[in-house]
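Below are two complexes that have subunit A in common, paired first with subunit B and then with subunit C.
For the complex of A and B:
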């Protein structure tokens, strides 16, 4: 029976992705495109040559981190919908330190990365403390924090980091994650060392959750707050800590974009969506670090490959957004898939 | 002072109208016990449908086009929200996640179809948007008339009227009582013979209708075309208004008016002597900061309907 359950947990994401891709094909057919041409273009856009593979990995990097952020919070029963804002403040902090500090790389780069972690953690601390002390729902607070981050960051970019401009100067090489070596083996894509940091972060999450007392307590709080409290655990401390760690992961995702991909930060007209896509990543990855890495890679490939669809098959890139949204619906409605699977099993016997 | 009011009040009303409609939708959904993070997506869908319908039928319908457009957007919004209803009520999916998916799906569909139908990322400007008018009779009143009733959009007053209707429906009819009961204690409601699933479906579909209406009003009064950046955060601001208004239709309306005022001040504030020195950013973040403060209990306690966010499973304790 336990084996059965495990199988279903793995089957649900796979079935959801397949259903999503089938739905995508149907949409392409209905709007007069050739789905085979569409998916071929998608594949070529994601894995066609070494350049696109490099770009796919580049795009995967922040997804791993926002996915981890949301998955980590989920484990304690919290929904960190504010990864979006935490990414923004992390990105901003990393660039700020990158521009303001003048130091050799060995100090400068870690400092900029730490700044992004601290900023993300601080941004998540607010909803954490409000949840722990006053019982305020973290979903709403984190959403509000997203917009506060967005507008405040824009203001700082305009007034502090530039003189009324919309994009900052590039950070010096001492704060950059860019890797000439990785770029050269991927035909000058923007792939950078951040992928190693992201994978390491996944290991850290696994370690915290599976191998530490803290992780045990966090999971316990996630399962049953009252029982944890009765067992002598400090529930509010654990809630705050979870949000702070989740925020740190998301802030780090901002550093990946800032220090790795762009080297700058620009005024944003709206959501940057790395945080919202992270929700899909965490959900599809079943809140498990390894699952998150796989899911991030899948979404990274879908998003990167989408860029090839208009030229390769005439299909608008937004098809991939529709597919991702449908995949979320399918995973979220896993109750019905589970029901169908069990039904199917019964039929076999 | 008079001139200032005459420039601020109509702008505030004009920014508030879409927020009021959408926030009322949010009230219906959340009062029935279904969290609706998807308000943003419902507005996107409304804006998309409103603009496309307007562009397509402007020649046929003439001056009636914007009105028919918002009606069609309302209907499509209601239909679109059924996805959220099925996922979160029948399939018991996490309501927040389903709402997030609604947001992604609406934007994806809107921009995808825009690209297919218009061959580019944004539509043309509509030829038949809403125009400002003077309300007959009322605009003749001295002082009040010029401030409140001259050069305004009729939709702003429609929004306020709908808010009062929503209040009446929720608090003065048997239907409203049932809807609220289902959101507070679904099991007790079920025991009393109320169909919990049906009431929740109605709540979500009403939020879809009003969200679609809000989105189309926003598109046809403020931006006049559709692209990926037509609706950026207005849905979440409406959600904030729901909470800041304590899940009450008139409260939500008040909050939406207040947020609309903050938005309008960030637009026209430069011309107002006292506000010219206030950095725009404070006005932009004000709605969100105030909502957090309200939730934290610093500005009266905002408490959600008790069963909000929990799928109802018949026969479960």
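For the complex of A and C:
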């Protein structure tokens, strides 16, 4: 029985992805495009050569971290919609330290990374403490915090980090995650060492959730606050701590963009969506660290491959957004898939 | 003899276990037929087979003598079988009428729901069976007993001739139970047939005509209730002799363990429910608190356990002030608490049995070291407790949710007693359990007493209070109004005291 359940939990996202792709094909057909050409272009855009593979991994990196952020909070029963804002402040803090501090790499890079973690954690601490002490719903506060992050960051970029400009200078090499070696083997893609940090973060999340007393408490609070209180756990403290750790993951995602991919931060006209896409990644990955890594990779590949679709097959890139939306739709309506799978099983008997 | 329902030689397997094996039950028209068995004996599985939720591997079901294949609850409804579940399935913000017609709404010609017609029909049904349900009341506003009647009306409205009741009295107060028994009788008078799933022997003796007993998934037999007695039923159910009277020696109380002085506690509506309570419990005695529900018992326990702040007064354990300390500090001061609501407080249902066993000790050695859990030690402890307390579970890795109520309770008791607390609080420890489990739990409480621990027992079951306690403290309107010895009192006297009337000859322990 238990094995069966596990199998179904794994099968649901896979089937959802397949259904999403099939539905995407139907939409392409209906709009007069060739789905085979479209998907070939998508594949080539994501895995066609070493450059695109490098770029796919580069895109995957922050998705892993925002996915972990949302999945972690969710295990305690909290919904961190604020990953978006936490990414922005993490990015800003990393670049700021990158530009302001002058130090050898062994100090400078860790310092910049830590700054991003601290910024994200602080940004998530606010909704955490409001939820724990005053019972204010974290969804409302985190959404507000996203806007505060966005517009404050823009203002700081304009007024503090530049002289009315829109993009900061590039950070020095001592604070950069960029890797000439990774770039050279991927035909000068922007792939950087951040992927190792992201994978390591997934291991950390697994360890915290599954192996530590902290994870034990956090899950207990997520499942049953009354029993947690009865057991002598400090429910408020755990809520704050969960948000802080979730924010740290998201802040780190900002460092991936800042220190790894771009080396700068620019004025943003609106949402950067890495945080919001993290919600979908966590959902598809069933809030499980390994699942999040796979889901982030899928998102990275789809988003990267989309770039090739207009030139390779004349299909608009928006189609990929439709496919992603459909995949999420199918995961969210997993009840139907579950039901169908059980039916199918019974039929076999 | 004509039977309305026959289930013949039913066998139902789940991976790894045989839940029902060769069970036969035959229901006559107009009778109340009890289905008796311990927690987890397979009663609910059998009824779920009848209700179409499970398909049996072997055996056949006949309805009015005709063989039927019941593939879904809808099919069961069509055949006139209705089920009143233990956990109600009602939409709280909806009215009684809206809940009853849900899924089978009468329509006007325009296609709109004819709620007025439904209301009348429900009123008629309610009057005919003496249910006294107000069709316009909102579910959220009516008592649990009334909600159960709505469930009964739901099955009647759908034309049920056979009603299955799954442990209907588990959630009811004594008065509501009395009324339910009357309703069951009036249903059979109108020609309905009833299967009553229960493990309460008193109820069987009171209303049932026949009784089918199952033990560990096997059908043991069917007896005529008029020709049997509770002792025979109990031994058939458990498979051995059962003692109703728990044997114990005379208590030998020693030093004071719990001391409560002039305690005031508010409930969640900010009203004082404990009002100047005084209570002392000594090592080596069991003090039972008798009282009608809602006289502050729950608030008192929550205050001792640290789950609720007290407004005024002092609570001491072994002479150490624990008033308004955190639950963890209180636990560490030597208090064990078997909570009233085991699903809300006692267990994290989505955690495994093993994880639940260390709910208050996970942060200590050997269950964790440097904040890293040691699963080997955790599950070793769990193995020991499930063996010692006879918790029937497929494994220590099974989620608590999957266990029957009695086994969940045994796991909680095992966990609390194993920590060997100086004060053990047992709130309604046997609610909803079968006689075998009750006997076991009483024995454990007395064992703790004999080890020199103080035990505080709160129960609505006077039998239990009289049986287990060494002293009985009667609680009324937030105070202990009398302290009596079980040997020197009886149910009538306790009942009077619990209702707040003064009985001469008994000094008020804490009068104003």
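Some notes on this structure:
The criterion applied here is as follows: the second predicted complex is superposed on the first by the 349 of 349 C-alpha atoms of A that agree within 3 Å, B and C clash if a C-alpha of one lies under 4 Å from a C-alpha of the other, contacts with A are read in each partner's own complex, and residues count from 1 in each chain.
Definition applied: contacts are C-beta pairs under 8 Å (C-beta built on N, C-alpha and C of every residue); 3 or more make two chains touch, one makes a residue touch a chain.
Just so we're clear, the structure is a prediction, and the values are computed from it rather than from any experiment.
Legend: residue contacts after superposition of the two complexes on their common chain; A:232 is shown touching subunit C, with no touch to subunit B. Looking at the shared chain after the overlay, A:214 reaches subunit C, while subunit B stays out of its contact range. By the touch criterion defined above, A:309 reaches neither subunit B nor subunit C.
More residues of subunit A are in touch with B than with the other of subunit B and subunit C.
By the touch criterion defined above, A:276 lies against subunit B but remains apart from subunit C after alignment on the C-alpha atoms of chain A. Taken in their complex, subunit C has these residues touching subunit A: 14-16, 305, 307, 326-332, 337, 339, 344-351, 355, 359-360, 362-363, 368, 371-373. Contact residues on subunit A toward subunit C in their complex (touch as defined above): 1, 211-214, 216-217, 219-220, 223-224, 226-234. The residues of subunit A lying in touch with subunit B in their complex are 27, 31, 79, 81, 126, 130, 134, 136-137, 139-141, 143-148, 150-152, 154-155, 159, 269-271, 276, 279-280, 283, 316, 318-322, 324-326, 328-329, 332-336. Interface residues of subunit B, counted against subunit A in their complex, comprise 35, 37, 83, 87, 90-94, 96-98, 100-105, 107-109, 111-112, 115-116, 229, 232-233, 236-237, 239-240, 243, 279-281, 284-285, 288-289, 291-292, 295-297, 304.
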